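What follows is a group of structures, each given as structure tokens.
Here chain A shows up in two complexes: once beside chain B, once beside chain C.
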Partner chain A sequence: MTEKLENLKCYLFLFPGLIFLFLFTYIPIFWSVWLSFNRWNLLSPKPRFAGLENFIRLWNDEVFWIVMKNTFAFVTISIFPTMILALIFAILIDERMKGRVYYIYSLFYPTLIPMAAAAMLWVYIYSPNLGILNILLAKFGLPKLGWLGSSKTSLWALIIMTFWKNLGFFMLIYLSGLQNVNRELYEAAYIDGAGWWRRHIQITFPLIGPTSLFVLVVAIILTFRVFDQIQLMTEGGPGNSSNVIVYYIFENGFKFFDWGKANALTAILVVIMLTLTVLIFGIFGKRITYTSD
Partner chain B sequence: MATVSFEHVTKRFGEYVAVDDFNLEIQDREFVVLVGPSGCGKSTTLRMLAGLEKLSEGTIKIGGRVVNHILPKERDIAMVFQNYALYPHMTVYKNMAFGLRLRKFSKDEIDLRVRNAAEILDIHDLLKRKPRELSGGQRQRVAVGRAIVRKPSVFLFDEPLSNLDAKLRVQMRTEILKLYHRLQTTILYVTHDQIEAMTMGNKIVIMNAGKTLQVGRPIDVYNSPDNRFVAGFIGSPAMNFLEVTLVDEGGKLYVDGEKFRFPIPADKAQGYMEFKGQRCTFGIRPEHIYEQAQSKGHDPTVLVEARVELIELVGPFAILQIAFGGQIVVVQVDSSTQAEIGKKIALVFDMQKMHLFSTQPPYRRLGR
Partner chain C sequence: MKRKIFFSVICALTIAFASSASAKVKIKFFYPVGVAGPLVKVMNGMVADFEKQNPDIDIEPVYAGNYNQTMQKVQTAVMGGNPPDVAVVEISELYSLLQMDALIPLDGYIQKEGGKAFLKDYFKGFLGNAYGRDGKMYGFPFQRSTPILYWNKDMFKAAAAKLKAVGLDPDRPPQTWDELVAYAKILTIRQGNQTKQYGLIIPGGWDDWIFEAFSRQNGSQLIKSDGLTVTFNTPENLEALKLWVKLMQELKVCPVLRPWNITPDDFIGGVTAMMYYSTGGMAKVRKTAKFNWGAAFQPKHKQYGTPVGGGDFHIFKGIPKKNQDAAWRFIKFMTSPQMAAHWSIESGYVSVNKKGYNLPKMKAFLKKFPQMKVARDQLKYAYPKMMAVNYQLIRNAMTTNLDAALEGQKTPEQALADAQKLMEKAIKGQ
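Coming up: the complex of A and B.
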């Protein structure tokens, strides 16, 4: 009896939070999923149930497949280098006493500045004639590249820029994760005869597991959601060479006024992210060592 | 098996001198205990020997070889850490095998050594467990096991028992001693607990504020502490100190507090003659003040009557706090004592066991 009462009390306290969660998260998601089964565009401005019509249109849409390919390329290419480098930088900073704050700031600074400012900076870096990247390439006698202006390199240019922008953020998360690893373990391993790499491979990597899991999920979500830099730097172009799913949702919703298709894309994105998150937690969640005891 | 020597070893952290001109010779198979209050530089000294901390000055030798610039793994040492430092994601077996695997021992040899150590330490049932599934005492054993599988020539222990409860601590103390007799290796053991130091070491080193105050056999340090700090640090309850003047009356020496005057036995007085007329600190251990009712045949000139302020019964004996000479003096008596709080008690000071210390830093012991 008292247990039931306790439970009731819990829900009572959670109630205000749950209302907001429902109003602004779950209801819009379900609404969006519902709309993805409707025809809703400039020509039919009232949503009308149309079954799988939007999904069939996407299936036959050449751009959709380019967008999906680009999105997955973006995620798979950027995540692991970002995670590994963020961890290595975190370890290096963690081991360093002097100038620690300076290193943290210089790595975290890109995360701190607004995307618009970062985009301006990189548009300049990538500019074909004045940009430092091409000036550097020329210095080494290498051919200049089109960067943002070429369909061969535009996606890569955005991946590199996003890597630069996110690295400090993940580095900071790793740095705080490293604080939970007992220093004595490194000393014990050092005496046991483990060198720098081995110490980190055998101790840091396994013990930082919970942080890595968190970073992995956040990185996947962040990268699936890239939008600002694409809008600001390439608008998905040239052609659709740097178009990704969120930008394509935006295009369908706000340029082509094809809201049914935009919602179908949104539903696909939600399903992909949910599946990935569940998969990752399912695979890694139980295996990692939680050290606090 | 090896000797260890510290020669003028100094360690500075910035301006701060953590270890100041430390000198020590450790013989092969000797059990040396480094003891001193927290923050006095014990761990730093041990860590320099382990190779975890660089020396600011001086030389450290292991087995006659200078190791200042030699990596920890090549020093042939093993260390047991205060917080055990067990790898939380590895089983007990893997924890113990870790160092051996890095040293490329064969699987069979590793297995043999781990099982052997587990047998010695009585942890063979725990080999498949992770550290978090072990009690404090069991973790301690695993930490020791991880050290002994390597068969190092020097063992380093940094306050290995301070995280255990009192009973377990006493038990582990004897186990480490047994292990020492079994393994016959050189041990440098750090503790802040003087009882641990007294009971375990062949030789103890008392440190304070980065400096070595005395090195010697426990019994020698107890009987003739070099200075007031050591006298107060070694022994429990701690030695009593009273401010006195040494006075000479008709060729006889007395310690003269304002409220008491005790004659110094003639044989002892010889050594103090040169200090007569000086102010100094009179030291006497609680166990060297007797209850008159319990003792026979003591010099009546050192008989005093004083009021009992507090009685602590500690099983076989009782510790009394006595108001004497304008301060509190601690006395250890048999638990059959007739003392009652607030009442007077007759006490005899055993002047044969007295000490005198200078009132000037470093508060050296006077006489012989």
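Coming up: the complex of A and C.
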């Protein structure tokens, strides 16, 4: 009886939070999924049920496939270097390397400045003739690149910028993860004669598993959602070469006023994200060592 | 007792405040800045002038980003049932706004001002994009421009010997497409595998607009004036696109898809000898270029020709009548000779009001900077810009396919055919 009462109490406390979760998360998601089966655009301003029309249009839409390719390229190319470098820097800082404070600040400040300011900064860095990057390339006798202005490099330019922006954030998460690793383990390993690499491969990497899982999921979500820098730096161009799914949703919704198609894209994004999250937790969640004691 | 007095004071204050607030009409004004330069400051200054002369009206200027972003903001506001009172939107968007039933016709106001006699003061070339299919006027010209050719006189002089050797005059800009190619070739300077100086920049971003100019120069157009017939894939347009591909891919005298906003910096920084750009960028060039420069008509092929460009004022439906009236007074003020001339001097846009050119201030200014006359004089050869419903989708089809051709990913033939197909679909709403 008391247990039931306890449970009831729990739900009572959760209730206010749940209201907002429903109002601003679940209802919009279901509403959006419903709208994805409707035709709703500038020329038919009232939503009208149209079955799978929007999905068929997407299937036949050349740009949709470019956008999917770009999104997956963005996620897969940017995640692993970010995670690996963030971990390395976190370890170095954790071990009180020389110039530690300098590294903390210089790695973390990109996370602090607003994305809009960062994007404008990089627009100038990437400027083809006056930007510092091409001037450096020329100094080393390398050919100048078009960066944001060329469809061969625009996605790469955005990936590099996003990498720079996110690195500090993930480093910080790793750093806090490292604080939780029991120091005695390192000391014991040291006495046993284990070298630097061996200590980290056998102690740090396994014990930092939960943090890595968290970083992986957050990194995937963050990179799937990239939008600001694209809107500010390339508007998806040239010729859709840097267009990704969230930006394409925005374009269809707010630029072309094709709400049916925008909602169909949203539904696809929701399904992809759910699947990925379930998969990641399913695969890695069970194999992770959660304690170091 | 004290409490009572306190409350009555509060009440009195509230009433006084409320009544003074209700006497003032509050106007929300969305505007874009479509070119490089600090025009937000100029705009705020003009708004302050208006408020000084019209103390009963309170204008809230909202800088809404570039043209695309402004249109998005306006569309979203209209859909959300909370439209701005007045907004400047890129001229090709008119049919989309009408499709959304967002605008009121201005004919009533214009009739009261004197009808045709009132409109006579405005350049006819700029009125072509103001009318809906029903013949009513829904837009009023404000920041209006055409693309023109900017040229760096010092660079021409530096290459004088080489130019003369092939029979080209180093003291004037190219006047035909053939000359454009010839000049650009000589003015391009290479060092090893680096290009030190480009002959020419045709910027990306608004390449569809410049392309419309080339199409007009070749006697064609992109969409007919009915807003329904797409003529993107014509032999004339193909010739124009092939010329661009030749300049960028084969001769490499023009960088591929240089971003729109950076192009004036490249011209000012001496990266290129010529550029196609909006007249709206002229103030920036005038204020920062440290060399002799000129402005000229765009070179012709079969004929001189250019679309007009820029943004018009619109007054919105679904707001109180007194706001609409106040919005019209604001529009009238902003396009008066004084204000039109002021905006033209500060920005480089053409003064939409012809009388603006008669003001002593403007005359003195033009004497110092005769380059500013070019855009006005080019209006003789100007056509209305293309207009169609779903214009954002159409523009996207044009720019992505032009971009693909210029980068060498599609043949010009393929790009035109693909764009034509997408544009036809967009107009039908498929």
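We adopt the following convention: the second predicted complex is superposed on the first by the 285 of 293 C-alpha atoms of A that agree within 3 Å, B and C clash if a C-alpha of one lies under 4 Å from a C-alpha of the other, contacts with A are read in each partner's own complex, and residues count from 1 in each chain.
Definition applied: contacts are C-beta pairs under 8 Å (C-beta built on N, C-alpha and C of every residue); 3 or more make two chains touch, one makes a residue touch a chain.
Values in this document were obtained by computation on a predicted structure and should not be read as measured data.
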Clash or fit (per the criteria above) of chain B with chain C on chain A: fit
Contacts of A:184 with chain B and chain C, given as first, second, both or neither: first
Touched partner set for A:257, first chain B, second chain C, both or neither: second
Partner touching more residues of chain A, whether chain B or chain C: C
Touching partner for A:206 - first (chain B), second (chain C), both, neither: first
First, second, both or neither for A:128, with chain B first and chain C second: second
Touched partner set for A:76, first chain B, second chain C, both or neither: neither
First, second, both or neither for A:25, with chain B first and chain C second: neither
Which superposed partner A:198 touches (first chain B, second chain C, both, neither): first
Lowest inter-chain C-alpha distance for chain C and chain B in the superposed arrangement, angstrom: 53
Residues of chain A that lie at the interface with chain B and also at the interface with chain C: none
Complex interface listing, chain A residues touching chain C: 41-45, 63, 127-130, 138, 143-144, 146, 148-152, 235, 237-240, 251, 254-258
Residues of chain B that touch chain A when the two form their complex: 50-52, 72-73, 77-79, 81-83, 85, 87-89, 98-99, 102-103, 132, 146, 150
Contact footprint of chain A on chain C as seen in their complex: 68, 71-72, 75-76, 96, 99-100, 193-194, 204-205, 255-259, 262, 265-266, 269, 271, 389-390, 392-393, 396, 399-401, 403-404, 407, 409, 429
Residues on chain A engaged by chain B in the complex (per definition of touch): 182, 184-185, 187-194, 198, 202-203, 206-207, 289, 291, 293
